[in-house]
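Quick heads-up: structures coming right below.
Same chain, two partners: chain A is paired with chain B first, then with chain C.
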Partner chain A sequence: MSYSVVGQSVPRVDAREKVSGSALYTGDMMLPHMLIGKVLRSPFAHAKIISIDTSKAKELPGVKVVLTYEDTPKILWNSAGFPPSPGAILVEDQYILTNKARYVGDGIAAVAAVDEATAVQALELIEVEYEVLPALMNIERAMSDGAVLIHEAEKNIYGHTPVVIGDIDAGFADADFVFEDTYYVPKVNQVSLEPCGVSMAAPDKDGRITIWTSTQMPHLVRSITAHALGLKTGQIRIIKPPVGGAFGSRLGVVNEPIAALLAMKVGQPVMLKYTREEAFLATESRHPITMTIKTGVKKDGTFTARQLTSYIDGGAYATHTPSLAGPVAGWFLAMYKSPNIKVDNYSVYTNSTQCGAFRGYGNPQVVFAVESQIDDIAERLGIDPLELRLKNHPCAGEVWLWSGWVIESCGFEECIASGAKAIEWTKKRSKIGNESSHQGSKKRGVGMGYMMHVSGARPMLHETSAAMIKINEDGTANLIYSNSDCGQGAGTSLSQIAAEELGIPFEDVMITKTADTDVAGFDIGSHASRQTYSGGNSVKNAAAKAKQKILEMAAEMMETPVSELVVKGGRVWASNKSSEEPAKSVSIAEISHRAHFGSHGNQIIGVVSEEPPGNPPVYAAQFVEVEVDTETGIVEVLRVVAAHDVGTAINPAIVEGQIEGAIQQGIGYALTEEYCYDQESGKPLNPNLSDYKILTSVDMPQIETILVEAACDTGPFGAKSVGESGLVATAAAIANAVYNAIGIRFKELPMTPERVLAALQNKNK
Partner chain B sequence: MSDINYWEPENLTDAVSILADRADQVRALAGGTDLLVKMKKGLTNWKGIVNLKGLTELKGFIYEGQTISIGALTQISALIDNPLLSLHFPALVDAARSLGTPQVRNLATVGGNLCNASPAADVALVLLMYEARLLIMGPNGSRQVSIQEFYVGPGQTVLQQGEILTAIEIDLPPLNSKGVFFKHGKRKSHEIALVNVAVLLTPHPGRKQIAQARIAVGSVASTQLRIKDAEDSLTNSLATLSAFEQAAELVKEAVNPIDDVRSTASYRKQMVGVLTRRALVEAWGEEL
Partner chain C sequence: MKMSISLLINGETYQVNVPHKKTLLDVLREDLALTGTKKGCDSGECGACTVLMDGKPVNSCIVLAVDAVGKQITTIEGIGGITELDPIQEALVAHGAIQCGYCTPGIVMTAKALLDSNPHPTESQVREGITGNLCRCTGYVKIVEAIMDVSRR
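Right after this comes the complex of A and B.
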């Protein structure tokens, strides 16, 4: 199908302001009488607070308010940006400021002062007496007999998510081979350019409070913040300015309640802006998970049984963890078909910073484990890894176990075919560990990984979005939308969808770049790669409603039935009865002018609030070529071919950008990134960008993205999703390429030079 | 951060006298890429800062005969942009290129890289290999020390109260010699060396034997080191892979690295061997 705006790589609606530096992020804002907030953080990973004396801090000139647990509402809450829904298990175990420190960085007190230096000085004047408790820095210690309890949960386990399909024992009995392996993936940070945790709260004289915040989900942050503060939802107004990247880190409340409480107590605006170190110390990151996977398989590669047992290290507070355990099961059971499946996921407290959402929401963890083992199975059976995947993946028309719904479209075969061709799979896989330059110390290998992902989270929860299209007097259109674009470009894609449906030029659609809960209808936010699919459906349907009214008005003006009219290029055209007559048309500007000021006296507006009819999965096959330096243990990724089935690519440049950016995070996950803690004291060892190694532009390999557009029926113009999927399979593909290069299977990430070299030396012993 | 005093002296004499009068309570500021980070982290209790940036006479290059003098306030990025350095001291330019990020290189200075006395410093390591002479101005006039004598320990140098490093002199290396700088880290940019190595090999005429070898290594002891035993093992020996391997072994024996968040002692020890051998092979530049 040919479109005029959809499928075009139009420049992003926020490109000019961001490139020129004129975009105003939350942290750039200033209000008259604005105070600066700061949080006092626990230096201990686990400690009772015996006493706090804030008197000296309060006496410091310039300090306006000092708060501790005593001043916070005694309401337990959960920061996860998860709507109340059947899939949500929201353990409420947090206070705005804690009365017991559960990780290094836990918020003990907060101050607001006239400037930052005074606020910092005030923190130093707060005297806290702690009784230090043992720090439980990993799940083994946390679950051990007699371990001290972080909250009131036996053995520090606070969730068990079981899934049983068929008869797992019969499945294993039926297998020719059974594989069982345990994998571990570390805690990693989203590292958005704008550090996580920036909000500014300003109370008004009517009992309401406005919070400007760098968030992915304005509406849910509004209701959760209201709950934590003991306010009505309507008392809070959330404004979301441009956001400097999120990747899940802002998928819920970060520090909004602290800023709001400070502001309300003092009656002045308060800015609370976390440093990079605080973003590492005190905001949510990716879950470390220990996964044991057991797979029963026939000689021909048919799976008879698949089992996952995982222990999810959620850190000090529950937040997303028990809710994430559901998708973790979902990712596992939906990847490959098997008549017998069993999953047991356990949520465990430890004394590290709480974990939450990070691009993929458990999928990169699961895919690393599953795809590593699949390669081992393929090798043992003597089957090409591509064939084994093609034999067992779920296809269009089959039920996808993640959602329980029928798969609408599947481009996986094409992903495999085009990706394998681009990386020269057949030629390169035949030469295992082929040597290259440098005294034969460098070995090359290729590998791949496969993944499926969601377009929203239905039916686990409602994917509500509201959109309003209003046609202005001049024929341009405003798109009123709770635009939670956090840098991914959703605001641009949604504008393209509106322009396409309305039949007007892209430039004539103006989306609300800033989200405002007082203005736009309820939107669940940017999660689960949903904005283009779910939000896009609402935008398209709102535009369709407006278009219908445009056509009706045009029919009146042109004395032609609606059925004979089409909109194109900002004009309504009557389809020609005979080619003799010149085409008859009227501009939308004329139509809108008549609507406003002619006989009717109304503005053409289309409004919807709804959720999309489905959740079409996307597929990807990522292929990588690596070079392993066997003398230093350094793994260099030379090339990545990322073949992604995204449905219709509304804006191909944005889609490619999403995939390439995600691959940067995927390579870091595989090779360099990891939170390091002193295992005894629980002190974080690398909460900064010098010691926490994200890859730089010069580290990035050549990336080829291949877009496979297996359009789906329910998506706007056939679009599915792309936001998260780019990094899901990357680490697995790299681990498989490393195996191909040096014959060593890494079951733990990251594959640091130290670990790779040690493994090479063990192998040669 | 509490209130501090701040000076911007207009000439070297004033700078020296401010620093000398306030003893160890004030610090000299050059590029600030280490100093300001430490201050922001609250790791210091300095009472004042003497900003040297106005001392333009400490900036730039002077060529005299066989010697190049580099002003201590010369930015790292200026080393990269200098064609004569690229010609005669390519290892120095490679080290400059590997330091930090473009933003850091535009601020950080050659003198700062030395005075900070980090065992991991990149430019300072190559200057150790090129046997730099350091010119120092103090309340009692000027003096000169060899770079070998400059370091006392991590973060510590022989600079006395009120003394300022003003210039770094290096002589053109012997004809036909080749210097090489290798750095090992987890990424290719914005990286503090896990191990770095700078070597120089000078062949005898006829190019079979090595006339002279210099080997300097960083991040493997409390200060950067020249490894005399390894250098001596190569002097007048045939250039063979096994000779280079043997020299690399001697380097490994001579170092004493530590475990920290960035790596382990054992890994650093292995890497200093690998890097030394590779750097020697590269410096020899022919099939062995």
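Right after this comes the complex of A and C.
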């Protein structure tokens, strides 16, 4: 199918304001009489607060308000950004400020003062008496007999998500081989360049409060913040300026209720901006999970039983965790076909910072474990790893167990074929064990990982989006949308979809770059890779409604039935019946002018608020080549080939950019990133960018992105998704390549030089 | 203790009265509303606050404002014109190298200094040159492509 602007790598709608430094992010803003907020954080991982004395802080000149637990509404709430839905399990266990510290960094008090220096000084004047409790820094300690309770949950376990399909015992009995392995993945941080946690709240005299915030989900932050404050949802207005990266970290409330409470108490605007350290200390990271996977398999590679038992370390508050346990089960059971499947996921409290959403939402954890074991199974059975995957993955026309819906399109075979060719799989894999692949202490290997991901969260969660298209007097169009673009480029892709459907130039569509809950219709936000598919459908349908009205007006003007009209290049054309007659056309500008100021007197507007028709899964096969230095333990990724089935790529450069950026995070997950705590005191050991290592420009390998466009019928122009999938299989592919290079199976991430060296020494004993 | 100092920024002289411990970054953002320069870590680790000082890129979060006296400071606001962009900026836009945009001003400043001193760098020199500017969105792929594109002109 040929399109005019869909499929083109047009520049992003927000690129020029960002590249010139003129884009105003939340933290760049300033209002008259604006105060600066700061939060006093617990130095202990687990402690009762016996007393707090704020009198000295309140007396400090320039301090306008000091708040503690006593001043907060006694309403329990949950920060996770979910619409009320079947899959949203929202354990409400936090207050805006706490009376019991559950992690180092837990918010104890908050101040607002005339400037930052005064606010910092005020924090130092608050006197807190703590009764220190044992710090439970890992799930083993938290679940042990007699462990102190972090909340009121027996053994600190507050969720169990069981799934049973078929008869797991019969399945294992039927197997020729049974594999059982336990994997551990660490806590990692999203590290958006704009530190997570920046909002500015301004109350007005009508009892409403406006909050500018760097968020992925304006409407859900509005309702959660209202609930935490005991306000009506309509009393809050959320405005989302440009967001400096999110990757899940802003998937729900971060610090908006604190900023709002300070602002309401003092009656002045308050800016609350977390430092980089606070973004590590007090905002949600990716869940560490301990996963035991048991797989029964026939000699021919058919699975008879697949079982996952996982313990999800959710940290100090529930937030996303019990809900995330659902997708964790979903990712596992939907990857490979098996008649018998059993999953038991447990949500566990510990005294580390609460965990939440991070690109992939449990899938990178599961895929690392599953794809590591699949390679071991393939080796044992003597089957090529690619063949084993091709034999067992779900295909188009089959039911995908994640959603329970039929898979619309599948480009996985092509991902495997094109990726394997690009990495020279057959040639390089066959070389393993040959001296020619070794250069002294450096050993090379290739590996791959496969994944499937979603295009939204239906039917687990509602996926409502709303769009309005207004055709202006001159034929240009405004797209009014709750634009929760956090940098991924959704605003641009949605503008392309609108332009394509309307038949007008891309430049003539102006999307609301800033989301504003007082302006745009209800939208779930940016999560679950949903914007292009879910948002795109509502934008396309709103544009189609506007287009229908354009055609009806044109039919009147041209005295031609609608059925004989087409829109193209900003004009409506009558289909040319005889080739001698010149083609007849009217511009949309003329049509819109007539609509506004002719006898009808109404602007052409198309409005839609709806849920998307499905949730088509996407596929990827990522291939990597690594070099392991057996003297230093350093694993270097030499090359990544990422073959992704995304459906139609609305903007190929944006799609590639999503995959390339995600791979940086995926390599970090595999090799360098781990947010660590002292296991006794519970103090974070690396809450900064010197000690928490994300990859720099020189660390990144060559990346080759292959887009496989297996279009799906329900997607806007056939689009599916890409936002999260780029990192899901990366760590697994690297672990498999490392195994291929040195014959050591790493079941724990990251594969740091220390761990690699230790494993090599252990192997050589 | 506050000091009255004079700063030369983007060709303009600004008189500011600032605490002696205040960083150049905070003065730019808070006193002069030059908010194109971003704060990503406040400790010289991420490069989002990069400005040019006498043509050399520096992390303005670890430079005291008082130490910038007598230097020529260039910020992102001093690059390009009112409506037109610098070729480096145009290339970043054209290559799709901008996602969240938070690291972008710093990248522009570092790339500017790199190409001013070495107009035709190799790819590894470009990668080495921007290694102090962290980006979490792009994997640096399109940023490097854009800078290489400008260097070939």
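Keep in mind that, in the parts below, the second predicted complex is superposed on the first by the 758 of 765 C-alpha atoms of A that agree within 3 Å, B and C clash if a C-alpha of one lies under 4 Å from a C-alpha of the other, contacts with A are read in each partner's own complex, and residues count from 1 in each chain.
Everything below uses one rule, namely that a contact is a pair of C-beta atoms (placed from the backbone, for glycine too) under 8 Å apart; a residue touches a chain by one contact, two chains touch by 3 or more.
Worth saying up front: this structure is predicted, and the values here are computed from it rather than measured.
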item: Residues of chain A touched, compared between chain B and chain C (which is higher); value: C
item: First, second, both or neither for A:E754, with chain B first and chain C second; value: first
item: Which of chain B and chain C A:T632 touches, first, second, both or neither; value: first
item: Touching partner for A:G244 - first (chain B), second (chain C), both, neither; value: second
item: Contacts of A:V120 with chain B and chain C, given as first, second, both or neither; value: first
item: Which of chain B and chain C A:R12 touches, first, second, both or neither; value: second
item: Touched partner set for A:K693, first chain B, second chain C, both or neither; value: first
item: Set of chain A residues, in rising order, touched by both chain B and chain C; value: 117, 689-690, 696-698
item: Chain A partner contacts - residues on chain C that touch it in the complex; value: 19, 29, 33, 35-43, 45-46, 48, 75-77, 79-80, 85, 89, 92-105, 108, 124, 126-128, 130-144
item: Residues of chain B defined as touching chain A within the complex; value: 1-2, 101, 184, 186-190, 192, 261-264, 267, 270-271, 274, 278, 281
item: Of chain A, residues touching chain B in the complex; value: 117, 120-121, 438-439, 631-633, 671-672, 676, 685-686, 689-691, 693, 695-699, 752-754, 757
item: Chain C partner contacts - residues on chain A that touch it in the complex; value: 9, 11-12, 14-16, 18-25, 27-28, 30, 117, 190-195, 242-247, 275-276, 486-489, 653-654, 656-657, 660-665, 688-690, 694, 696-698, 700, 703
